[in-house]
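Next come two complexes, and both contain chain A; in the first it sits with chain B, in the second with chain C.
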Partner chain A sequence: MSDTVSIVIVSHSRDIARGTADMVRQMVGDEVKVAFCGGNADGGLGTDVPRILDAIGTVWSPKGVAVLVDLGGAETNSEMAVEMLPEERRGRVVVCNAPIVEGAVMAATEAAGGSPLDKVQAAAEELAAG
Partner chain B sequence: MTKSRSVINDRVAPNPVNAEGVIKGSVQLIHAVGMHARPAVKLVKLAKRFQCQIAMRVAGRVDWVDAKSLTKVMATRAARDSIIEFEASGADASAAVAALVTLIAQDFPDGGH
Partner chain C sequence: MFLKPEVLKALITAAAAQVIASAPELTALDQAIGDGDHGANMKRGFEAILAKLDAIAAEAPGEAVKAMGKTLVMTVGGASGPLYGSLFMAMGEAMLRGKRLPEDLAEIFASGVEAVSARGRSRAGEKTMLDVLVPVLEILRAEAGRPDLAQRVRAVASAAAERTAPMLATKGRAAFLGARSIGHIDPGARSSSVLLHAICTSLEALP
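Right, the complex of A and B next:
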(Lines of atoms letter the chains of each structure in order from A and count residues from 1; the text may use other names and numbers.)
(Lines give C-alpha, C1' and ligand atoms only; values in the text may rest on other atoms or scores of the structure.)
Protein backbone atom coordinates (compact mmCIF):
# COMPACT_ATOMS: atom_id res chain seq x y z
CA MET A 1 0.00 0.00 0.00
CA SER A 2 1.84 3.12 -1.13
CA ASP A 3 -0.95 5.67 -0.70
CA THR A 4 -0.52 6.18 3.02
CA VAL A 5 0.71 9.16 4.98
CA SER A 6 4.41 8.79 5.81
CA ILE A 7 6.11 9.40 9.15
CA VAL A 8 9.29 11.35 9.89
CA ILE A 9 10.88 11.19 13.32
CA VAL A 10 13.15 14.02 14.44
CA SER A 11 15.01 13.69 17.72
CA HIS A 12 18.08 15.37 19.13
CA SER A 13 19.45 11.86 19.57
CA ARG A 14 20.04 9.63 16.58
CA ASP A 15 19.57 6.60 18.82
CA ILE A 16 16.15 7.76 19.97
CA ALA A 17 15.12 8.58 16.41
CA ARG A 18 16.27 5.21 15.12
CA GLY A 19 14.74 3.34 18.05
CA THR A 20 11.43 5.09 17.56
CA ALA A 21 11.46 4.21 13.87
CA ASP A 22 12.21 0.58 14.81
CA MET A 23 9.24 0.53 17.15
CA VAL A 24 6.96 1.81 14.42
CA ARG A 25 8.17 -0.77 11.91
CA GLN A 26 7.93 -3.65 14.35
CA MET A 27 4.63 -2.71 15.92
CA VAL A 28 2.75 -1.32 12.97
CA GLY A 29 4.46 -2.94 10.00
CA ASP A 30 6.09 -1.78 6.82
CA GLU A 31 3.11 -0.43 4.88
CA VAL A 32 3.81 3.02 6.27
CA LYS A 33 7.08 4.61 5.21
CA VAL A 34 9.16 5.90 8.12
CA ALA A 35 12.28 8.07 8.04
CA PHE A 36 14.26 9.39 10.95
CA CYS A 37 17.02 11.84 11.67
CA GLY A 38 18.79 13.04 14.76
CA GLY A 39 22.11 14.15 16.12
CA ASN A 40 24.69 16.46 14.59
CA ALA A 41 27.53 15.70 12.19
CA ASP A 42 29.94 15.06 15.08
CA GLY A 43 27.76 12.39 16.59
CA GLY A 44 26.51 14.67 19.35
CA LEU A 45 23.01 15.80 20.14
CA GLY A 46 21.22 18.11 17.76
CA THR A 47 18.87 18.50 14.84
CA ASP A 48 19.38 20.27 11.58
CA VAL A 49 17.16 21.54 8.84
CA PRO A 50 18.83 19.92 5.78
CA ARG A 51 18.65 16.48 7.36
CA ILE A 52 15.01 16.96 8.20
CA LEU A 53 14.36 18.02 4.61
CA ASP A 54 16.19 14.90 3.40
CA ALA A 55 14.13 12.69 5.68
CA ILE A 56 10.88 14.21 4.42
CA GLY A 57 12.08 13.77 0.85
CA THR A 58 12.96 10.09 1.24
CA VAL A 59 9.49 9.10 2.42
CA TRP A 60 7.49 11.69 0.50
CA SER A 61 3.91 10.62 -0.13
CA PRO A 62 1.23 12.54 -2.01
CA LYS A 63 -1.01 11.89 0.99
CA GLY A 64 1.40 13.84 3.15
CA VAL A 65 3.96 13.44 5.91
CA ALA A 66 3.48 13.61 9.67
CA VAL A 67 6.58 14.73 11.59
CA LEU A 68 7.10 13.68 15.21
CA VAL A 69 9.62 15.65 17.24
CA ASP A 70 11.11 15.68 20.72
CA LEU A 71 12.22 18.96 22.28
CA GLY A 72 12.63 22.62 21.36
CA GLY A 73 14.98 22.76 18.40
CA ALA A 74 13.58 19.60 16.89
CA GLU A 75 10.24 21.36 16.62
CA THR A 76 11.51 24.74 15.42
CA ASN A 77 13.90 23.16 12.91
CA SER A 78 11.15 20.88 11.64
CA GLU A 79 8.87 23.87 11.18
CA MET A 80 11.68 25.66 9.35
CA ALA A 81 12.18 22.63 7.13
CA VAL A 82 8.48 22.63 6.28
CA GLU A 83 8.70 26.30 5.31
CA MET A 84 11.61 25.53 2.99
CA LEU A 85 9.73 22.83 1.11
CA PRO A 86 8.47 23.55 -2.38
CA GLU A 87 5.14 25.28 -2.13
CA GLU A 88 3.17 22.35 -3.50
CA ARG A 89 4.45 20.11 -0.70
CA ARG A 90 4.36 22.58 2.16
CA GLY A 91 0.70 22.15 2.96
CA ARG A 92 1.01 18.40 3.13
CA VAL A 93 3.54 18.16 5.95
CA VAL A 94 2.53 18.65 9.57
CA VAL A 95 4.57 18.77 12.76
CA CYS A 96 2.54 16.94 15.39
CA ASN A 97 2.14 18.19 18.93
CA ALA A 98 2.60 14.78 20.51
CA PRO A 99 5.11 12.72 22.48
CA ILE A 100 7.61 11.37 19.99
CA VAL A 101 7.44 7.62 20.59
CA GLU A 102 3.76 7.24 21.40
CA GLY A 103 2.78 9.79 18.78
CA ALA A 104 4.76 7.97 16.10
CA VAL A 105 3.06 4.66 16.86
CA MET A 106 -0.40 6.28 17.00
CA ALA A 107 0.18 8.20 13.79
CA ALA A 108 1.53 5.18 11.93
CA THR A 109 -1.35 2.98 13.05
CA GLU A 110 -3.80 5.57 11.80
CA ALA A 111 -1.85 6.00 8.56
CA ALA A 112 -1.73 2.25 7.94
CA GLY A 113 -5.48 2.25 7.43
CA GLY A 114 -5.15 4.82 4.65
CA SER A 115 -6.38 7.77 6.71
CA PRO A 116 -5.78 11.31 5.44
CA LEU A 117 -3.14 13.56 7.01
CA ASP A 118 -5.53 15.46 9.30
CA LYS A 119 -6.74 12.22 10.86
CA VAL A 120 -3.20 10.94 11.27
CA GLN A 121 -2.23 14.17 13.04
CA ALA A 122 -5.33 13.98 15.23
CA ALA A 123 -4.53 10.39 16.23
CA ALA A 124 -1.02 11.42 17.32
CA GLU A 125 -2.28 14.48 19.16
CA GLU A 126 -5.10 12.64 20.89
CA LEU A 127 -2.60 11.68 23.58
CA ALA A 128 -1.58 15.24 24.28
CA ALA A 129 -5.21 16.29 24.45
CA GLY A 130 -6.07 13.54 26.93
CA MET B 1 4.22 -14.89 24.30
CA THR B 2 2.27 -18.12 24.55
CA LYS B 3 1.11 -19.50 21.25
CA SER B 4 -0.38 -22.69 22.61
CA ARG B 5 -3.97 -21.53 23.03
CA SER B 6 -4.75 -20.73 19.47
CA VAL B 7 -7.95 -22.77 19.43
CA ILE B 8 -11.05 -20.65 19.27
CA ASN B 9 -12.44 -21.04 22.74
CA ASP B 10 -16.01 -21.45 23.79
CA ARG B 11 -16.34 -17.83 24.89
CA VAL B 12 -16.42 -16.74 21.28
CA ALA B 13 -19.93 -15.63 20.57
CA PRO B 14 -20.61 -13.42 17.58
CA ASN B 15 -24.38 -13.10 17.69
CA PRO B 16 -26.06 -12.13 14.49
CA VAL B 17 -28.20 -9.03 14.52
CA ASN B 18 -30.75 -7.40 16.69
CA ALA B 19 -33.54 -5.05 15.74
CA GLU B 20 -31.35 -1.98 15.19
CA GLY B 21 -28.95 -3.80 12.93
CA VAL B 22 -26.22 -3.72 15.52
CA ILE B 23 -23.91 -6.68 15.31
CA LYS B 24 -22.55 -7.89 18.63
CA GLY B 25 -19.75 -10.21 19.55
CA SER B 26 -17.70 -11.06 22.58
CA VAL B 27 -14.52 -12.96 23.18
CA GLN B 28 -12.15 -13.76 26.01
CA LEU B 29 -8.79 -12.04 25.90
CA ILE B 30 -6.29 -14.86 26.33
CA HIS B 31 -3.22 -12.80 25.52
CA ALA B 32 -0.66 -13.26 28.27
CA VAL B 33 -0.19 -9.60 29.07
CA GLY B 34 -3.64 -8.28 28.24
CA MET B 35 -4.36 -5.42 25.84
CA HIS B 36 -0.85 -4.06 25.61
CA ALA B 37 0.59 -2.02 22.79
CA ARG B 38 1.22 -4.64 20.15
CA PRO B 39 -2.10 -6.45 20.42
CA ALA B 40 -3.86 -3.08 20.47
CA VAL B 41 -2.12 -2.00 17.27
CA LYS B 42 -3.19 -5.21 15.55
CA LEU B 43 -6.76 -4.82 16.71
CA VAL B 44 -7.00 -1.20 15.56
CA LYS B 45 -5.39 -1.91 12.19
CA LEU B 46 -7.89 -4.69 11.60
CA ALA B 47 -10.83 -2.56 12.73
CA LYS B 48 -9.79 0.19 10.32
CA ARG B 49 -10.14 -2.15 7.38
CA PHE B 50 -13.90 -2.02 7.81
CA GLN B 51 -16.21 0.84 6.98
CA CYS B 52 -18.66 0.27 9.84
CA GLN B 53 -18.54 1.92 13.23
CA ILE B 54 -17.13 -0.42 15.85
CA ALA B 55 -17.46 0.08 19.59
CA MET B 56 -15.57 -2.01 22.08
CA ARG B 57 -15.55 -2.41 25.83
CA VAL B 58 -14.40 -4.67 28.59
CA ALA B 59 -17.43 -6.60 29.84
CA GLY B 60 -18.74 -5.13 33.06
CA ARG B 61 -17.58 -1.60 32.33
CA VAL B 62 -19.87 1.25 31.42
CA ASP B 63 -17.95 3.00 28.67
CA TRP B 64 -17.63 1.88 25.09
CA VAL B 65 -14.63 3.08 23.09
CA ASP B 66 -13.97 3.44 19.38
CA ALA B 67 -12.17 0.27 18.28
CA LYS B 68 -10.46 2.32 15.55
CA SER B 69 -8.71 4.60 18.07
CA LEU B 70 -5.40 3.19 19.26
CA THR B 71 -5.25 5.63 22.16
CA LYS B 72 -8.64 4.54 23.42
CA VAL B 73 -8.11 0.83 22.86
CA MET B 74 -4.81 0.93 24.76
CA ALA B 75 -6.40 2.99 27.50
CA THR B 76 -8.85 0.18 28.26
CA ARG B 77 -5.90 -1.69 29.78
CA ALA B 78 -7.98 -4.81 29.40
CA ALA B 79 -6.50 -7.56 31.52
CA ARG B 80 -5.83 -11.13 30.54
CA ASP B 81 -8.95 -13.29 30.71
CA SER B 82 -11.31 -10.34 30.55
CA ILE B 83 -14.17 -10.51 28.08
CA ILE B 84 -14.03 -8.03 25.21
CA GLU B 85 -17.37 -6.98 23.73
CA PHE B 86 -17.92 -5.46 20.31
CA GLU B 87 -20.88 -3.67 18.79
CA ALA B 88 -20.72 -2.70 15.16
CA SER B 89 -23.16 -1.06 12.82
CA GLY B 90 -22.83 -0.55 9.10
CA ALA B 91 -22.69 -2.52 5.91
CA ASP B 92 -19.76 -4.72 6.82
CA ALA B 93 -20.46 -4.95 10.55
CA SER B 94 -20.87 -8.74 10.60
CA ALA B 95 -17.54 -9.33 8.90
CA ALA B 96 -15.86 -6.79 11.18
CA VAL B 97 -17.08 -8.35 14.40
CA ALA B 98 -16.24 -11.84 13.18
CA ALA B 99 -12.72 -10.76 12.21
CA LEU B 100 -12.04 -8.95 15.49
CA VAL B 101 -13.38 -11.80 17.60
CA THR B 102 -11.21 -14.24 15.66
CA LEU B 103 -8.13 -12.05 16.06
CA ILE B 104 -8.49 -12.04 19.83
CA ALA B 105 -9.55 -15.70 20.07
CA GLN B 106 -6.47 -16.70 18.09
CA ASP B 107 -4.30 -14.56 20.35
CA PHE B 108 -3.29 -11.92 17.79
CA PRO B 109 -1.41 -14.01 15.24
CA ASP B 110 1.21 -12.22 13.14
CA GLY B 111 0.80 -11.30 9.53
CA GLY B 112 -2.94 -10.85 9.24
CA HIS B 113 -3.08 -8.33 6.42
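Right, the complex of A and C next:
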Protein backbone atom coordinates (compact mmCIF):
# COMPACT_ATOMS: atom_id res chain seq x y z
CA MET A 1 0.00 0.00 0.00
CA SER A 2 2.68 2.48 0.92
CA ASP A 3 4.37 2.31 -2.46
CA THR A 4 2.03 4.90 -3.95
CA VAL A 5 1.76 8.61 -3.29
CA SER A 6 -1.11 9.36 -0.90
CA ILE A 7 -3.77 12.03 -1.27
CA VAL A 8 -5.07 14.49 1.33
CA ILE A 9 -8.17 16.56 0.63
CA VAL A 10 -8.62 19.82 2.53
CA SER A 11 -11.88 21.72 2.19
CA HIS A 12 -13.56 24.35 4.32
CA SER A 13 -16.50 21.95 4.39
CA ARG A 14 -16.13 18.50 5.87
CA ASP A 15 -18.94 17.31 3.60
CA ILE A 16 -17.12 18.48 0.47
CA ALA A 17 -13.88 16.91 1.68
CA ARG A 18 -15.57 13.60 2.48
CA GLY A 19 -17.52 13.61 -0.79
CA THR A 20 -14.36 14.26 -2.76
CA ALA A 21 -12.61 11.39 -0.98
CA ASP A 22 -15.60 9.14 -1.79
CA MET A 23 -15.34 10.05 -5.47
CA VAL A 24 -11.64 9.26 -5.50
CA ARG A 25 -12.21 5.86 -3.91
CA GLN A 26 -15.01 5.03 -6.30
CA MET A 27 -13.21 6.18 -9.44
CA VAL A 28 -9.67 5.12 -8.61
CA GLY A 29 -10.06 2.34 -6.07
CA ASP A 30 -8.45 1.64 -2.76
CA GLU A 31 -4.81 1.24 -3.69
CA VAL A 32 -4.16 4.92 -3.08
CA LYS A 33 -4.59 6.06 0.52
CA VAL A 34 -6.87 9.09 0.82
CA ALA A 35 -7.47 11.23 3.88
CA PHE A 36 -9.68 14.27 4.16
CA CYS A 37 -10.38 17.07 6.60
CA GLY A 38 -12.63 20.08 6.74
CA GLY A 39 -14.36 22.37 9.16
CA ASN A 40 -12.96 24.35 12.06
CA ALA A 41 -12.58 23.64 15.77
CA ASP A 42 -16.03 25.09 16.51
CA GLY A 43 -17.75 22.79 14.03
CA GLY A 44 -18.24 25.54 11.44
CA LEU A 45 -16.73 25.98 8.00
CA GLY A 46 -12.98 26.41 7.90
CA THR A 47 -9.63 24.69 7.79
CA ASP A 48 -6.99 24.38 10.43
CA VAL A 49 -3.43 23.25 10.68
CA PRO A 50 -3.73 20.48 13.32
CA ARG A 51 -6.39 18.64 11.31
CA ILE A 52 -4.33 18.90 8.15
CA LEU A 53 -1.27 17.56 9.98
CA ASP A 54 -3.39 14.68 11.28
CA ALA A 55 -4.68 13.86 7.82
CA ILE A 56 -1.16 13.86 6.37
CA GLY A 57 0.01 11.62 9.20
CA THR A 58 -2.84 9.17 8.70
CA VAL A 59 -1.96 8.41 5.08
CA TRP A 60 1.77 9.06 5.26
CA SER A 61 3.69 7.32 2.50
CA PRO A 62 7.43 7.39 1.92
CA LYS A 63 6.65 8.27 -1.70
CA GLY A 64 4.97 11.44 -0.51
CA VAL A 65 1.58 13.07 -0.12
CA ALA A 66 -0.27 15.34 -2.56
CA VAL A 67 -2.66 17.80 -0.90
CA LEU A 68 -5.70 19.13 -2.76
CA VAL A 69 -7.39 22.26 -1.42
CA ASP A 70 -10.45 24.39 -2.13
CA LEU A 71 -10.30 28.11 -1.26
CA GLY A 72 -7.45 30.40 -0.20
CA GLY A 73 -7.44 29.63 3.52
CA ALA A 74 -7.21 25.91 2.84
CA GLU A 75 -4.12 26.53 0.77
CA THR A 76 -2.54 28.86 3.32
CA ASN A 77 -3.23 26.42 6.14
CA SER A 78 -1.96 23.46 4.12
CA GLU A 79 1.30 25.25 3.30
CA MET A 80 1.68 26.12 6.97
CA ALA A 81 1.04 22.50 7.93
CA VAL A 82 3.72 21.32 5.50
CA GLU A 83 6.22 23.67 7.12
CA MET A 84 5.38 22.31 10.54
CA LEU A 85 6.09 18.73 9.55
CA PRO A 86 9.30 17.12 10.75
CA GLU A 87 12.10 18.09 8.41
CA GLU A 88 12.48 14.63 6.87
CA ARG A 89 8.84 14.68 5.73
CA ARG A 90 8.57 18.32 4.67
CA GLY A 91 10.03 17.87 1.21
CA ARG A 92 7.71 15.00 0.40
CA VAL A 93 4.38 16.82 0.70
CA VAL A 94 3.08 19.15 -2.02
CA VAL A 95 0.03 21.39 -2.14
CA CYS A 96 -1.37 21.13 -5.65
CA ASN A 97 -2.61 24.17 -7.53
CA ALA A 98 -5.66 22.42 -8.98
CA PRO A 99 -9.45 22.26 -8.62
CA ILE A 100 -10.19 20.11 -5.59
CA VAL A 101 -12.44 17.39 -7.02
CA GLU A 102 -10.92 16.99 -10.46
CA GLY A 103 -7.43 17.48 -9.07
CA ALA A 104 -7.93 14.78 -6.45
CA VAL A 105 -9.21 12.29 -9.01
CA MET A 106 -6.38 13.05 -11.47
CA ALA A 107 -3.73 12.94 -8.76
CA ALA A 108 -5.04 9.65 -7.39
CA THR A 109 -5.23 8.14 -10.87
CA GLU A 110 -1.61 9.07 -11.50
CA ALA A 111 -0.58 7.86 -8.05
CA ALA A 112 -2.34 4.51 -8.55
CA GLY A 113 0.05 3.81 -11.43
CA GLY A 114 2.98 4.13 -9.05
CA SER A 115 4.13 7.55 -10.27
CA PRO A 116 6.43 9.69 -8.14
CA LEU A 117 5.17 12.78 -6.33
CA ASP A 118 6.17 15.30 -9.00
CA LYS A 119 4.22 13.44 -11.67
CA VAL A 120 1.21 13.15 -9.39
CA GLN A 121 1.33 16.88 -8.76
CA ALA A 122 1.76 17.62 -12.47
CA ALA A 123 -1.26 15.45 -13.33
CA ALA A 124 -3.44 17.47 -10.98
CA GLU A 125 -2.01 20.80 -12.03
CA GLU A 126 -2.47 20.19 -15.75
CA LEU A 127 -6.12 20.88 -15.05
CA ALA A 128 -5.33 24.37 -13.80
CA ALA A 129 -3.05 25.07 -16.75
CA GLY A 130 -5.45 23.70 -19.35
CA MET B 1 16.26 43.90 30.64
CA PHE B 2 13.68 44.92 28.06
CA LEU B 3 11.84 41.62 27.95
CA LYS B 4 12.08 40.19 31.42
CA PRO B 5 9.54 37.42 32.01
CA GLU B 6 7.23 39.68 33.98
CA VAL B 7 7.35 42.36 31.27
CA LEU B 8 6.71 39.78 28.58
CA LYS B 9 3.84 38.41 30.62
CA ALA B 10 2.30 41.84 31.02
CA LEU B 11 2.61 42.52 27.28
CA ILE B 12 1.08 39.21 26.27
CA THR B 13 -1.73 39.56 28.80
CA ALA B 14 -2.56 43.06 27.61
CA ALA B 15 -2.46 42.04 23.94
CA ALA B 16 -4.61 38.97 24.54
CA ALA B 17 -7.14 40.86 26.66
CA GLN B 18 -7.54 43.50 23.99
CA VAL B 19 -7.92 40.98 21.16
CA ILE B 20 -10.45 38.99 23.18
CA ALA B 21 -12.39 42.15 24.04
CA SER B 22 -12.40 43.15 20.37
CA ALA B 23 -13.76 39.81 19.15
CA PRO B 24 -17.32 41.09 18.58
CA GLU B 25 -16.06 44.05 16.56
CA LEU B 26 -13.70 41.85 14.50
CA THR B 27 -16.52 39.43 13.83
CA ALA B 28 -18.81 42.23 12.72
CA LEU B 29 -16.15 43.51 10.30
CA ASP B 30 -15.58 39.99 9.00
CA GLN B 31 -19.30 39.39 8.53
CA ALA B 32 -19.31 42.35 6.14
CA ILE B 33 -16.55 41.11 3.82
CA GLY B 34 -15.41 37.67 4.98
CA ASP B 35 -16.90 34.62 6.62
CA GLY B 36 -17.57 36.16 10.01
CA ASP B 37 -15.20 34.06 12.08
CA HIS B 38 -12.24 36.40 12.58
CA GLY B 39 -13.28 37.52 16.08
CA ALA B 40 -13.95 34.00 17.34
CA ASN B 41 -10.79 32.66 15.72
CA MET B 42 -8.52 35.32 17.19
CA LYS B 43 -10.19 34.97 20.58
CA ARG B 44 -9.58 31.22 20.55
CA GLY B 45 -5.91 31.74 19.65
CA PHE B 46 -5.20 34.30 22.34
CA GLU B 47 -7.09 32.33 24.96
CA ALA B 48 -4.80 29.41 24.10
CA ILE B 49 -1.79 31.69 24.57
CA LEU B 50 -3.12 32.86 27.95
CA ALA B 51 -3.66 29.25 28.98
CA LYS B 52 0.08 28.60 28.66
CA LEU B 53 1.26 32.06 29.59
CA ASP B 54 3.54 30.95 32.43
CA ALA B 55 5.35 28.44 30.25
CA ILE B 56 5.68 30.90 27.36
CA ALA B 57 6.90 33.80 29.51
CA ALA B 58 9.51 31.59 31.19
CA GLU B 59 11.26 31.02 27.84
CA ALA B 60 13.96 33.23 26.37
CA PRO B 61 12.29 36.09 24.45
CA GLY B 62 12.89 34.59 20.99
CA GLU B 63 11.54 31.20 22.03
CA ALA B 64 8.58 32.85 23.74
CA VAL B 65 7.57 34.86 20.69
CA LYS B 66 7.99 31.79 18.49
CA ALA B 67 5.87 29.73 20.88
CA MET B 68 3.13 32.36 20.64
CA GLY B 69 3.23 32.05 16.87
CA LYS B 70 3.04 28.26 17.00
CA THR B 71 0.10 28.43 19.37
CA LEU B 72 -1.71 30.79 17.00
CA VAL B 73 -1.02 28.50 14.03
CA MET B 74 -2.43 25.51 15.88
CA THR B 75 -5.51 27.19 17.34
CA VAL B 76 -6.73 30.15 15.28
CA GLY B 77 -7.62 28.35 12.07
CA GLY B 78 -8.87 30.19 9.02
CA ALA B 79 -6.32 32.12 7.03
CA SER B 80 -5.41 34.31 9.98
CA GLY B 81 -3.91 31.41 11.97
CA PRO B 82 -1.03 30.87 9.56
CA LEU B 83 -0.68 34.60 8.91
CA TYR B 84 -0.48 35.72 12.53
CA GLY B 85 1.42 32.56 13.37
CA SER B 86 4.01 33.31 10.71
CA LEU B 87 4.30 36.90 11.95
CA PHE B 88 5.21 35.81 15.48
CA MET B 89 7.24 32.76 14.49
CA ALA B 90 9.43 34.79 12.13
CA MET B 91 9.94 37.51 14.74
CA GLY B 92 10.90 34.88 17.28
CA GLU B 93 13.30 33.28 14.82
CA ALA B 94 14.90 36.66 14.11
CA MET B 95 15.49 37.04 17.84
CA LEU B 96 16.91 33.54 18.05
CA ARG B 97 19.33 34.48 15.27
CA GLY B 98 20.68 37.16 17.58
CA LYS B 99 18.51 40.21 16.92
CA ARG B 100 17.86 42.01 20.15
CA LEU B 101 15.24 44.24 21.65
CA PRO B 102 14.91 47.13 21.73
CA GLU B 103 17.74 48.07 19.36
CA ASP B 104 16.77 45.70 16.52
CA LEU B 105 13.02 46.20 16.87
CA ALA B 106 12.51 47.38 13.29
CA GLU B 107 14.55 44.49 11.87
CA ILE B 108 12.73 41.94 13.99
CA PHE B 109 9.37 43.35 12.99
CA ALA B 110 10.50 43.38 9.35
CA SER B 111 11.18 39.62 9.50
CA GLY B 112 7.62 39.10 10.73
CA VAL B 113 6.11 41.34 8.07
CA GLU B 114 8.06 39.57 5.32
CA ALA B 115 6.80 36.22 6.57
CA VAL B 116 3.19 37.43 6.44
CA SER B 117 3.74 38.75 2.95
CA ALA B 118 5.26 35.45 1.79
CA ARG B 119 2.62 33.30 3.49
CA GLY B 120 -0.27 35.31 2.05
CA ARG B 121 1.48 36.05 -1.27
CA SER B 122 0.37 39.58 -0.69
CA ARG B 123 1.72 43.07 -0.13
CA ALA B 124 0.46 46.42 1.08
CA GLY B 125 -2.41 47.94 -0.88
CA GLU B 126 -4.48 44.76 -1.14
CA LYS B 127 -6.75 45.41 1.86
CA THR B 128 -5.11 43.04 4.32
CA MET B 129 -3.29 43.15 7.64
CA LEU B 130 -0.19 44.19 5.68
CA ASP B 131 -1.81 47.58 5.17
CA VAL B 132 -1.28 48.13 8.89
CA LEU B 133 1.95 46.18 9.36
CA VAL B 134 3.87 47.84 6.52
CA PRO B 135 3.24 51.48 7.55
CA VAL B 136 4.08 50.53 11.14
CA LEU B 137 7.34 48.99 9.96
CA GLU B 138 8.13 52.22 8.11
CA ILE B 139 7.62 54.24 11.30
CA LEU B 140 9.75 51.81 13.29
CA ARG B 141 12.52 52.20 10.75
CA ALA B 142 12.25 55.95 10.40
CA GLU B 143 11.74 56.88 14.02
CA ALA B 144 13.55 54.18 15.98
CA GLY B 145 14.66 55.41 19.37
CA ARG B 146 12.26 58.34 19.59
CA PRO B 147 10.75 58.59 23.07
CA ASP B 148 7.19 58.87 21.70
CA LEU B 149 7.59 55.92 19.31
CA ALA B 150 4.84 53.83 20.93
CA GLN B 151 2.40 56.70 20.65
CA ARG B 152 3.36 57.24 17.00
CA VAL B 153 2.89 53.54 16.22
CA ARG B 154 -0.59 53.61 17.73
CA ALA B 155 -1.58 56.61 15.64
CA VAL B 156 -0.15 55.11 12.45
CA ALA B 157 -1.79 51.73 13.07
CA SER B 158 -5.24 53.24 13.65
CA ALA B 159 -5.06 55.48 10.63
CA ALA B 160 -3.73 52.64 8.48
CA ALA B 161 -6.58 50.31 9.47
CA GLU B 162 -9.11 53.05 8.62
CA ARG B 163 -7.45 53.51 5.24
CA THR B 164 -8.31 49.94 4.25
CA ALA B 165 -12.00 50.90 4.05
CA PRO B 166 -11.89 52.45 0.57
CA MET B 167 -9.53 49.76 -0.74
CA LEU B 168 -10.59 47.02 -3.14
CA ALA B 169 -9.84 43.57 -1.77
CA THR B 170 -7.86 41.32 -4.08
CA LYS B 171 -6.70 38.77 -1.50
CA GLY B 172 -8.54 36.42 0.83
CA ARG B 173 -12.22 35.77 0.80
CA ALA B 174 -13.06 39.46 0.53
CA ALA B 175 -11.67 39.31 -3.01
CA PHE B 176 -14.77 37.38 -4.09
CA LEU B 177 -16.82 40.46 -3.23
CA GLY B 178 -14.87 42.62 -5.67
CA ALA B 179 -16.14 46.20 -5.55
CA ARG B 180 -18.53 45.30 -2.74
CA SER B 181 -15.53 45.02 -0.42
CA ILE B 182 -15.09 48.79 -0.74
CA GLY B 183 -16.34 50.77 2.26
CA HIS B 184 -15.51 48.19 4.90
CA ILE B 185 -12.42 48.15 7.10
CA ASP B 186 -10.45 44.94 6.64
CA PRO B 187 -10.86 42.72 9.72
CA GLY B 188 -7.22 41.58 9.63
CA ALA B 189 -6.01 45.18 9.39
CA ARG B 190 -8.21 46.01 12.35
CA SER B 191 -6.99 43.09 14.46
CA SER B 192 -3.38 44.06 13.69
CA SER B 193 -4.12 47.58 14.84
CA VAL B 194 -5.82 46.26 18.02
CA LEU B 195 -2.77 44.14 18.82
CA LEU B 196 -0.28 46.95 18.18
CA HIS B 197 -2.36 49.33 20.29
CA ALA B 198 -2.41 46.95 23.21
CA ILE B 199 1.33 46.30 23.02
CA CYS B 200 2.19 50.01 22.69
CA THR B 201 -0.12 51.01 25.51
CA SER B 202 1.38 48.51 27.89
CA LEU B 203 4.92 49.50 26.82
CA GLU B 204 4.08 53.11 27.60
CA ALA B 205 2.85 52.08 31.03
CA LEU B 206 6.15 50.37 31.88
CA PRO B 207 8.02 52.04 34.71
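Structural remarks
Following the convention adopted for this analysis, the second predicted complex is superposed on the first by the 129 of 130 C-alpha atoms of A that agree within 3 Å, B and C clash if a C-alpha of one lies under 4 Å from a C-alpha of the other, contacts with A are read in each partner's own complex, and residues count from 1 in each chain.
We adopt the following convention: a contact is a pair of C-beta atoms (placed from the backbone, for glycine too) under 8 Å apart; a residue touches a chain by one contact, two chains touch by 3 or more.
Just so we're clear, the structure is a prediction, and the values are computed from it rather than from any experiment.
With chain A as the common reference, chain B sits beside chain C without any clash.
In the superposed pair of complexes, A:Pro50 makes contact with chain C only, with no contact to chain B. Once chain A of one complex is fitted onto chain A of the other, the partner contacts of A:Met106 are limited to chain B, with no touch recorded for chain C. In the superposition on chain A, A:Asn77 makes contact with chain C only, while chain B stays out of contact range.
In the superposition on chain A, A:Asp42 makes contact with chain C only, not with chain B. Seen from the Cα centre of chain A, chain B and chain C lie 150° apart once the structures are superposed, a value rounded to the nearest 10.
After superposing the two complexes on chain A, the shortest C-alpha to C-alpha distance between chain B and chain C comes to 28 Å. In the superposition on chain A, no residue of chain A contacts both chain B and chain C.
By the touch criterion stated above, chain A contacts chain C in their complex at residues 40-42, 44-50, 71-73, 76-77, 79-80, 84. Here chain C touches chain A in the complex through residues 35, 37, 40-41, 44, 70, 73-79, 81-83, 85-86, 119-120, 171-173, going by the rule given at the top. The touching residues of chain A, when paired with chain B in their complex, are 27-29, 105-106, 109-110, 112-115, 123, 126-127, 130.
Of all residues in chain B, those touching chain A in their complex are 37-38, 41, 44-45, 48-49, 68-71, 75, 113.
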